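Consider the two complexes below, in which subunit A is the common component and subunit B and subunit C are the respective partners.
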Partner chain A sequence: MNTTSTRLDATFAALADPTRRAILARLASGDATVNELAEPFAMTQPAISKHLKVLERAGLISRNRDAQRRPSRLEARRLAEASAWLDQYRQFWEASFARLDTVLKELQPKTARRGKPARR
Partner chain B sequence: MNTTSTRLDATFAALADPTRRAILARLASGDATVNELAEPFAMTQPAISKHLKVLERAGLISRNRDAQRRPSRLEARRLAEASAWLDQYRQFWEASFARLDTVLKELQPKTARRGKPARR
Partner chain C sequence: MPFYPESFRVSTPTDREVLVERDFHAPRELVFEAFTKPELVRRWLLGPDGWTMPVCEIDLRPGGAYRYVWRKEATGMEMGMGGVFREVVRPVKLVATEKFDDAWYPGEAVDTTTFEEQAGITKVTLTVLYESKEARDTASRSGMERGMAAGYDRLETILAEVAKVSTS
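This part shows the complex of A and B:
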């Protein structure tokens, strides 16, 4: 089964790791081989390969099967799906930030007043 | 440590489960107790409680500690953070969808032509 829900499970699970998010960030600047990916992360190739497998199964990257170098490529559509899911809650965080903004504005005049010469 | 990276780890891990996503969707329509949450999901209260703990640790919900009913409340700020992270990749999926659009447009005239009377 490859429903939206199972895809979201795989996408979010794959994103719940700092190395895998860093790999995606690296691939955003261009395709890279396991070698090229392993270097900046100071990780062994098998460790990177494991992460790539998780990313590939989740559909977040694709790999050239034929070429010896098998460079990995970022596939952004699953990220779009995850973003669309999160977007359902946009009204909630916007309301939350608006409330924070109100609190900050209520605090501001008091702070500003401190800077003015006191009336005695 | 509560850096953006560790928060994103917890947020994405919490979202990688269909029941937890469904609980958030339910809470989007109002605060709810464990009882109220357990009913529509046909799950036991302990099972729901486990999911709520994961959501709470990730900062995706808050729970009223004092009240006996301890209703859960959606906290959307961590979702905003996850959405902002995904947004870095917007240009990639938009490019990907644009390419798909081009392919579809290239296919369209052929299909449209079929509907028109053929020139003989």
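This part shows the complex of A and C:
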């Protein structure tokens, strides 16, 4: 099936939560352990771990499996992908309509304009 | 100025709807054609640069189906959608169901497009009616509402910030 959209689906589901977005923002300034992440959020470690699992499944972070502390790392590529996807939609109609203006302008001489007979 | 981009407006008149409005400097017969003839539709319904429309099929009659597939040429990423016309009133109104292949919202949405002409300017209103508020909000959150609903800007700002910091 379409793996890109399946992946994006997971990505957007993960991004829908404000705590997870805050975690990503924190990781943007460097890798961090569960302890370090739990601190500013007044949340328990298991609660943070749960969020990290969702982010990891969505491909938004990776965790070093070898290191004892398992620091989390932001996966910027996936985030950029999600951002690009959103951006495409934000611009979709505006960009399309600008093109439609051009198409309509081109088509106009072919049809009789009101009050302005077409030049031959 | 021949163009009317300032008339571009997006709003959410009810819990289940998203409304897009735009004026065009052309008679409505022409605008209607541009919305319903595949050879015209595939020239403009493309969103940002870099996308093409390899599939654009429109069977313009009540009960007739339409099918659009977009492709981002740089990546090969494809996105498809389609539906069935419920009402076709030339050159005034179109009602059609809408379903993306990879929809992130439940059920089908219903698109109503109207064309009103005044003094050579045609106002197009496009209403997307989702099956529920949840469906609309899911669509808007996931971007499938085409990135125009409220609540979307915040996520985008955060994404942009995070992306900026992480790539610098």
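The criterion applied here is as follows: the second predicted complex is superposed on the first by the 87 of 120 C-alpha atoms of A that agree within 3 Å, B and C clash if a C-alpha of one lies under 4 Å from a C-alpha of the other, contacts with A are read in each partner's own complex, and residues count from 1 in each chain.
Here is the rule we go by: contacts are C-beta pairs under 8 Å (C-beta built on N, C-alpha and C of every residue); 3 or more make two chains touch, one makes a residue touch a chain.
Being a predicted model, the structure only gives us computed values, none of them experimental.
In the overlay built on the shared chain, the residue A:47 is in contact with neither subunit B nor subunit C.
Of the two partner chains, subunit B and subunit C are each touched by A:93. By the document's definition of touching, of the two partners only subunit B reaches A:17; subunit C does not. Measured by the number of subunit A residues touched, the leading partner among subunit B and subunit C is C. Of the two partner chains placed by superposition, only subunit C is touched by A:29; subunit B is not.
Of the residues of subunit A, those at positions 5, 8-9, 12, 15-16, 21, 24-25, 28, 74, 76, 79-80, 82-83, 85-90, 92-93, 95-97 touch subunit B in one of the two structures and subunit C in the other.
Across the complex, subunit A meets subunit C through its residues 2, 4-6, 8-9, 12, 15-16, 21, 24-25, 27-29, 74, 76, 79-80, 82-83, 85-105, 107-108, 111, 113-114.
Residues 5, 8-13, 15-18, 21, 24-25, 28, 74-77, 79-80, 82-83, 85-90, 92-93, 95-97 of subunit B are the ones that touch subunit A when the two sit in their complex. Considering their complex, residues 2-5, 8, 10, 20, 22, 24-27, 29-31, 33-34, 40, 43-49, 51, 77-79, 101-102, 104, 120, 141-148, 152, 155-156, 158-163, 165-167 of subunit C touch subunit A.
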